[in-house]
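Following are the structures in question.
There are two complexes below, and they share subunit A, which is joined by subunit B in the first and by subunit C in the second.
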Partner chain A sequence: MNKSLILAAALTAATALTSPAFAQTVLRVDEVAVGELDPAKASDYADSILMFNVYDTLVLPRQGGPGYDPHLAGSWEADGANYTFTLRDDVTFQSGNPLRAADVVYSLERMQEIGQGLSHLFTGVTAEAVDEHTVRFTLDEPYAPFVASLVRLPIVDQVLVAENATEDDPWAEGYLSGNAAGSGAYTVTSHNPQDVTVMALNEGYFLPINDAAPDQVRLRYSLEAATVRTLLSQGEHDIASQWLPPEVIRALAADGAQLFTESGTGAFYVKMNTQRAPLDDVNCRLALSHAFDYGTALQMVAINEEVSSGSAPTGAIPVGMYGSNPAEMALERDMDAARAYLEACPYDPADFNLEISWIAEVPLEERFALLMQANFAELGISSSIETLPWALFTERVASPENTPHISQIFVNAVTGDPDTLLFGMYHSSTPGTWQSPEYLADDQVDAALEAGRRGPGEEDREAAYAALNERLMELAPTIYGYDRQSVFAASDRVNAPALSDPAMAFGVDGMGFSFRLMEMTE
Partner chain B sequence: MTRALRIIAANPLSLTGLILVLAIVLAALFAPWIAPFPTHNSAVVDFAYANSAPNGRNWMGTDLVGRDIFSRILYAYRISLGLGIVVLIIATPIGTIVGLLAGYLGGWTESVLMRLVDVFLSIPPLVLAIAVLGVLEPTLTNAMIAVTVMWWPWYARLVYSIARSEREEGYVLAAEVIGAPTTHIAFREILPNCLPAIITKMTLDMGFVIIIASSLSFLGLGVQPPTPDLGSMVAEGARYLPDSWWMTVFPGLAILFAVFGFNLLGDGLRDVLGADE
Partner chain C sequence: MSSVFRILLRRLAISVIVLIGVSMLIFAIARIIPGDPARIALGPNANADQIASLRTEMHLDEPIIAQYGYFVADVMRGNLGQSLYTNRPVTVDIAEFLPATLELVIFAGILMVGLGLPLGILAARHRGRWPDHLVRVGTLLTVSAPSFVWAVILMLLFAFYLPLFPVAGRLTDSYEIARVTGFLTVDTLLAGNFSAFVDALHHLVLPSIALALSGIGQAARLTRANMIETYDKPYIEMAQAFGFYPTRIARRYAFKPSLIPSLTIIGLDFAAMLGNAFLVEAVFAWPGLSRYGVAVILRKDLNAIMGTVLVIALTFLVVNILVDLLIAFLNPRIRHSTRASS
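After this line comes the complex of A and B, so read on.
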C-alpha cells in the first residue's frame, strides 16, 4: 500500500515535470499522526502545516511584527461588528475555479456546521456575499481579535466541494479528508493520515514563488525519534518535528544540524482534571503546583547555551501577551507552601494515586512525568505513569471520568491572539477537548475570558486578561510549566527564513512551515 | 547431586549456563547491597547526572533522569525472576493436572480438556497476553496473570503426551489390577515419570517468560514506571539511539544473559535427567 502510494506520487510528480532536465527538489519533514486534511477540522500542528500550504486565508499575520496583512483579501474595512473584505480577483483554486465571495461564505458555514477543529473561533459569525468579490462578516457580539481569527479560516472551493457532496455527506467530509480543494501553494499528490502526505508545488499559485522553494514535500507521520535522528544524520531527512527530545536535538546540533525556532506564543501546561477527586479540590491542586520543580523543568528543555525550548513561566499567560506578568515574577518551587496546601486538602495523600499521563509521541513528557512523580512523592503522594498515544488521548478526554488526573499539553495561541490560547482551555463552554482536560467551570474565569475577547480597546483587553491570570493562579487548574518556543533540527539543504530570522517570523504556530517561503540549497 | 554437577561441569555450555543463572539469581537477591544506588529503583530523579555515558561513578551510565542503569538492571532482575517464578509456579501445576487427567483418563475428559488447550494454543501468545492486559489494567500482577494464561497449555500438552504413552505401561496396568484409585495412579505412578521433562521445561521456560514479560513492558503493558524493568528500559532507551546507546545496550544484554543462561542450564539439566532414565 505504502510503496504503491509512493510510487504513484513519484509517477505523478515525474509526469508533472515540464522539463526532465531539472531535478526536482524534495523537502522531507515529519510530524505526529493524524494528519487531518479537512481544513474545517484542522486543529493541531500537523493539521496546521497541511492547512497553511494547501489552503489560503483572507489575511496573514505580518512577518516580524504585530498586525495582519491582506492575502486572499485585497483590503478590508471594520465598522463595529461588521467587517467588509474585498477579495483579490486574480486568485484561482487548484481546480481552476476562480475565487468568489460565495466560497468564503461557504467555507465559514461548512466549518460552523461541522463544528470541529477551531470552529469555536467563529461562533456567532455570519457572512454574506455582497457581490462577486465582496464579503461581509457580521458578528453577534464584538470580538476584538476577529481579524486575527481569520488566519484559521481556510477558504475552500465551493464548486468542487459541492460536486463531491452527497445526501449522507452534505459537506463532502469524506472527499476533503483525502483530497484538497484549496488555492494554496501546494497541491496534495497523495495523503495517508497515518503515514505520509506528499505535496507538490502549485504552478498556478496567485503569488510569485521563489524558484528555490521545494518542488515536492513529503510530510511523514509519527516517526520514531531514533529514526529521525538517523535519517537526518544520513542526509535523508530535512526538518525534524519539534517533538524530538532535547538530547536528540542536542546531538544533531553537535553533528552540524541547524536549529530552527518558532514562537507561537504558547506554553507547556500540566493540566489537572478538576472534576476528579482529589484534584477537584483547589488546595490539593495548589499543593501540586507548588511542588513542581520549575527550575529543573527549564534545565531539561535547554538545547545549548543559546537555544532553549523554554523560558521561566510567570503565570497562566505567557510573557509578552495581554495580561501576562513581567518576566521577573518567575514561578518557583516552594515545598513549604506545598505542604501547607496539602494540609488544607481534604483528601488523604496516601490515597491519592494520581494518574500522570504523557503523550507517547512526545518522549520529553515521559521525563516530566517522572519529575512530577518524584516531586509529588516528596509530599507523600503516590502516582502512576500512563502512556497515551495522541489519538487515544484525544478520545479519552471527551469525558471527565476517562480523562487522566494529569495531562501534559503544549498549547499555542492558534491565531497569535491570547483569546485563542485561553478561551479554548478555560471557558466552561469548551470542556473535554485536548486543550481543556481540566474541565474547569468558573464564573469569574468565564467573565474575564468574555471581557477579553469583547475588548474593544487594548487597555480593556489588558485588564481583562490580567484579572483572568490572577484568577487562574488562585484556582490552579494547571501547572504552568514554562513559556515555550518550538525548536526544530534541520539539515543544511534547506533555508527557512520564517523559522530562523525573527524579522520574518509569523508568530502563529505552524505558519513557519509555509513551504513556499523555504529555499532548498541543493 | 554431585553426579548431576559432574555432568553439567563436563559440558562447558551447561556450565556457562549454570554460572550465568547463579550470577543473575545472586545479583537479584542481593540487589539492595550490590547496587551502587539502591534508591534508584523508584521515583527518584537526579538531573545533575542525567544522560551520562558509562564512567567510574555509573558503570553502565545513567538514564535521562539521572538514575544509575546498573542499579536499575539489578532491581529489574528481581522483577523478571520473580515474575518468571510466580508464572511457572502457577502455570506448571495447572498444566500438569490438566495434562495428566486428559492423558490418563482419555475419553470425553481428554476431548474436552485437550480441545480447550488447543483453543489457548491457537492464539499467538503475545496477542493473548496483550488481550488480557487490554481488559485488565497494565500492572505487574496482571502481567503475571496474562503470561500465566498463555503458559499453562504448553505444560498440559507436554504432560498429556507423556501420560498417554505411560498409561499403557506394565506398571500402570499392574496398579489398576490391584485396584489402586485413579488419583493414586495419576499422581503417584505416572507423574513421577513426567517430572524430568517438566523440570527441564521449567528451566528452559524461565528465559522465555523473561522475554515475554520484557516484550510486554517494552510495549508499555507490563511493569509500570518507576519500577525498573528490562523491557521498558530498552523501550525508553531506543528513542535515544545511537547517541545514548548505554540506555538500550545494557538492559538488552541483561535480557540476553538471562535467556541464554536459563537455556543453557535447561539443556544441561536435560542431559542430567535424561541420563537418569
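After this line comes the complex of A and C, so read on.
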C-alpha cells in the first residue's frame, strides 16, 4: 500500500516537474455527440460549432436583434425569386485560394448532391456564377426566409475539395470528414471523431480577431457528467455542454462556475399522435394539455433563481419569434378545464392506456414522462412509460400505427427563422419524421405555414404565424412544454459575450460559440 | 513435431471456425437490432428516396445470405467497409482506437496478475489469520462492485477531492507525440520524451486500477482457494516435515500447481476487459475501442459493429491460445496427454 502511494506521489511530482508551460491560450469545450466536420452534413449542435468556426457563410444573423448582416457577401439584392450576392474580394480560404463565386455555386451543389444534414433547406434552389465575385440564386418559388437559410450554407474551397475528390468519392466526403476546406477563423489541426477536434486560430482571417481570442480550441466529445464536473473543478475545462443534468450545472454554479446562455430559437415539445385513439380527438388532447403541470416542468429545469434551461411557454412559437404570444400569456395548468375537455371527449379514460415515450439518450425526458404520468393519473387516465433509443424512435415514427401516443422532442429553428422550426413539425406534407410524430393534417395550418414562407413582408409573415399559433392552440396536437434556453457552465478563464450579453447574442443555435469573439482571461 | 506446436495448430484451426461462427452470428444479430441503418446514417432530415438509395448501396434490400457474401468478399480484401458513425474506413477507426484500449487493458492485466496473485498467496499462507481476513474482505469488495463504480469512486477520491491524477484522456494536451504504435507509453519513449512518458503513465493509473480491481479480487480469491487445496496435499506435508522454509514451500511446491487452474480464468478475465472497458473508457474519456463499439451499436453502424466484434473475438481467441500454450508449458501432463491422443 505504501509503495503504491509513493509511486502515485512520485508520478504526480514527476509530471508536475516535467509538464511544459502552455505557449498559447487554449479553450476547452465539450459536446455530447461526435462532431461532423463535413459542412454539407452538419446538422446538430456539435456540427454547428465546427461549421461556424471552420467555415464562413454569405450572411450572419445580426447580433442582438432581428435581421441578417453581410459576411462573405459584401451586399445582396432580392428580386422576387432571384437573389444576387456580391462577394467580398479580400477573402482567402485557409489554403490560400481566393474566394470566388464558383466556390459558392459548388458548395450549394455539393450539399444538394450529398443530400444530408440541412440540405433540405435548399431544395428548389439553383445558383450560377455571374462573374468572379457575383453569384445569383434562383428559387423555384418565393421563399421569404431564404436569406436566413444561407447561415446554413458554409462555403467550401472548390479547388482544394476537387483536388481531393476521386472517381469513387466525387465530392471528397472522405477528405472533408477529417480535414477543413473553409475560410473560417479557425483551422482544423486534428480531428478524432470520438475524442477531440483541435482547432487553431487562422492568422489570415479576413476580419479582425480579438487579441484575447483563444489560440487553440479543443472540442472534446462525449464526456460523462462526472468527468466534466471534475475537469472544471480542476481547472482543466472551460465550457461544459448544455446537456449536463440541471443538478450538475447547479452544483458547478455553486462551486463558482459562471453560467452562459443561448436562447430564443427552440422549445420542448410533447407531441401527441393525432392518428391514434384517444388522441385523434381534439377534446382529449386539450384535456391533456390543460392537465400538464407547466410550473413543475419549469422547476425541473431551473438551475438557480436567475438562470433556467426553460422559460414559461405561451404557445406553439417561442417568445420573440414571428407570431409568438407575449411573455405575459404564459400557459398554466388548469385542472377544471382539463376535466371539462375530458367530459367532451368521446373516449372513456378507463378504456385506454397512453404510451408515453422518452428518448433514452436524454435522461431528463424520463422525469417529464413521470410528471405526465402523475398529471394524467389525476384525470383518471392510465399510462405506461416506454424508453426509446433515438435510432428506434426515428424508425417508429415513420408510421402512425407505430408512433407512441406521446413523444418528447426538443426542436429549434436551425436558421433562427420560424419556418425551420414549424414547417417540418406541422405541415401535412412532412408527416412521420422525428419532428412530426403528431401526423397533423389541417388545411388552415398548412395555409398559414405556406403564407409564412411566402411573405413577402415582415408584417405578412407576422400575421401568418400569429394565425398559425392560434390554430395550433385550438388543435392542441402538442403540449408546448417550455421555451428552451441552453445553459452552459463555464470557468472564469473565458468571456463569451455572445453567450452572456443579449445585445451580442446571435439568434442561431451554436453560433454563440464563435470562438473568435471569445476572450481568454488567462 | 513438438506437442506444444500440435496444440497451437489445433487451437488455430478451432479459432478459424469460431471466428466464422462469430461473424455469422453477429452479422445476423446486428441486422435484428431495431433501427434502419440507412435512416440513421443519413440523419433525421433525410427523405425516403435518399434512404432507399443508401439501402440499395448498402445491399440492405438483398437477402441476408447475399449480404453476408458481400461482407466476406470485402473482408478477404482487407476491407471492413465505411463507418457510418465516423465516416471513415472501419479499419482506420480500429487502428486508431484499438491501441488505446489494448494499452489500458494490458496495464490493467499487469495489475491484475501483479497484485491478484501475490495477494492470493499471502492469504493462503496466512489462512485464518488477519492477512487472510483482510484480503478476503478486500477482494470481496472489489469483486462485488463493477468497474464503472470504482471508476467514479477513484475519480472522486483521487481527482476531485485529492487532485493527484488526471481525469480524462491519455496525455496532457500540450504534448504532441508522433503516432507510431498508438501505445502512448511506447510512442513517447520512441520520441525520446520522458516527461510525456511519465504523463502517459500518470493518465493510465486511475482507469487501469478501476478496470483491474474486479480481476485483482477474482485472481486473489482463485489463487487463495487453489493454494489452500494444494497445501492439504501430502507432498506439502512432507516438505513441511523436511523443515523447508514456508516461503520456499509456497513458491516452489504450492504456487505452481495452484496457478494452473487460475490461469484459464485470469486469461478469460483479461480478454473480457476489452469489452468491459466501455464504462471505464466513458468515465475517463479514454478514446478506445470499447467506447467506439458501444457508440456504433447505438447508431446501428453495421460495418463498424462487425469490425469491432471481430477484433474483440480475435483477441479472445489469441489470449485463449496463449493461455493454453502456457498451461501446456507449465503442466507436463497436458503435453503428454496431447502426445498420447495424437
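Everything that follows uses one rule, which is that the second predicted complex is superposed on the first by the 394 of 522 C-alpha atoms of A that agree within 3 Å, B and C clash if a C-alpha of one lies under 4 Å from a C-alpha of the other, contacts with A are read in each partner's own complex, and residues count from 1 in each chain.
Operating definition for what follows: a residue touches a chain if its C-beta (ideal position, glycine included) is under 8 Å from a C-beta of that chain, and two chains touch if they have at least 3 such contacts.
In this text the structure is predicted, and so the values were computed from the model without any measurement.
Enquirer: A:433 in the overlay: touching subunit B, subunit C, both, or neither? Say first, second, both or neither.
Expert: Once the two structures are laid over each other on A, A:433 reaches subunit C alone.
Enquirer: Check the residue A:224 against both partner chains and state whether it touches subunit B (first), subunit C (second), both, or neither.
Expert: Touch status of A:224: both partners.
Enquirer: With both complexes superposed on chain A, which partner does A:392 reach: first (subunit B), second (subunit C), both or neither?
Expert: A:392 sits against subunit C, while subunit B stays out of touch.
Enquirer: Please indicate which partner A:174 is in contact with in the superposed arrangement: first for subunit B, second for subunit C, both, or neither.
Expert: The second partner, subunit C, only.
Enquirer: I'd like to know which partner A:166 touches here: subunit B for first, subunit C for second, both or neither.
Expert: It touches nothing on subunit B or subunit C.
Enquirer: Please determine whether it is subunit B or subunit C that touches the greater number of subunit A residues.
Expert: C
Enquirer: Given the touch rule stated above, what does A:373 touch, subunit B (first), subunit C (second), both, or neither?
Expert: Once the two structures are laid over each other on A, A:373 reaches subunit B alone.
Enquirer: By the touch definition at the top of the document, which applies to A:248: first (subunit B), second (subunit C), both, or neither?
Expert: first
Enquirer: Going by the contact definition given at the top, which residues of subunit A touch subunit B in one complex and subunit C in the other?
Expert: Common interface on subunit A, subunit B vs subunit C: 224, 226, 229-230.
Enquirer: Could you please specify the touching residues of subunit C with respect to subunit A in the complex?
Expert: Listed in rising order, the residues are 34-36, 39-40, 42-47, 50, 85-88, 96-97, 152, 155-156, 158-160, 163-169, 172-175, 194-195, 198-199, 201-202, 205, 282-285, 287, 291-292, 295, 298-300.
Enquirer: Mind pulling up the subunit B residues that touch subunit A in the complex?
Expert: 42-45, 47, 51, 64-65, 220, 224-226, 236, 238-244
Enquirer: Give the list of subunit A residues in touch with subunit B in this complex.
Expert: Listed in rising order, the residues of subunit A that touch subunit B are 224-226, 229-230, 245, 247-248, 251, 296, 299-300, 360, 363, 366-367, 369-371, 373-374, 377, 383-387.
Enquirer: Quick check: in the complex, which residue numbers of subunit A touch subunit C?
Expert: 8-9, 11-12, 14-15, 17-22, 26, 28, 34, 36, 38, 41, 43, 115-120, 173-174, 177-178, 192-196, 218, 220, 222-224, 226-227, 229-231, 233-234, 236, 361, 389-392, 394-395, 398, 424, 433-435
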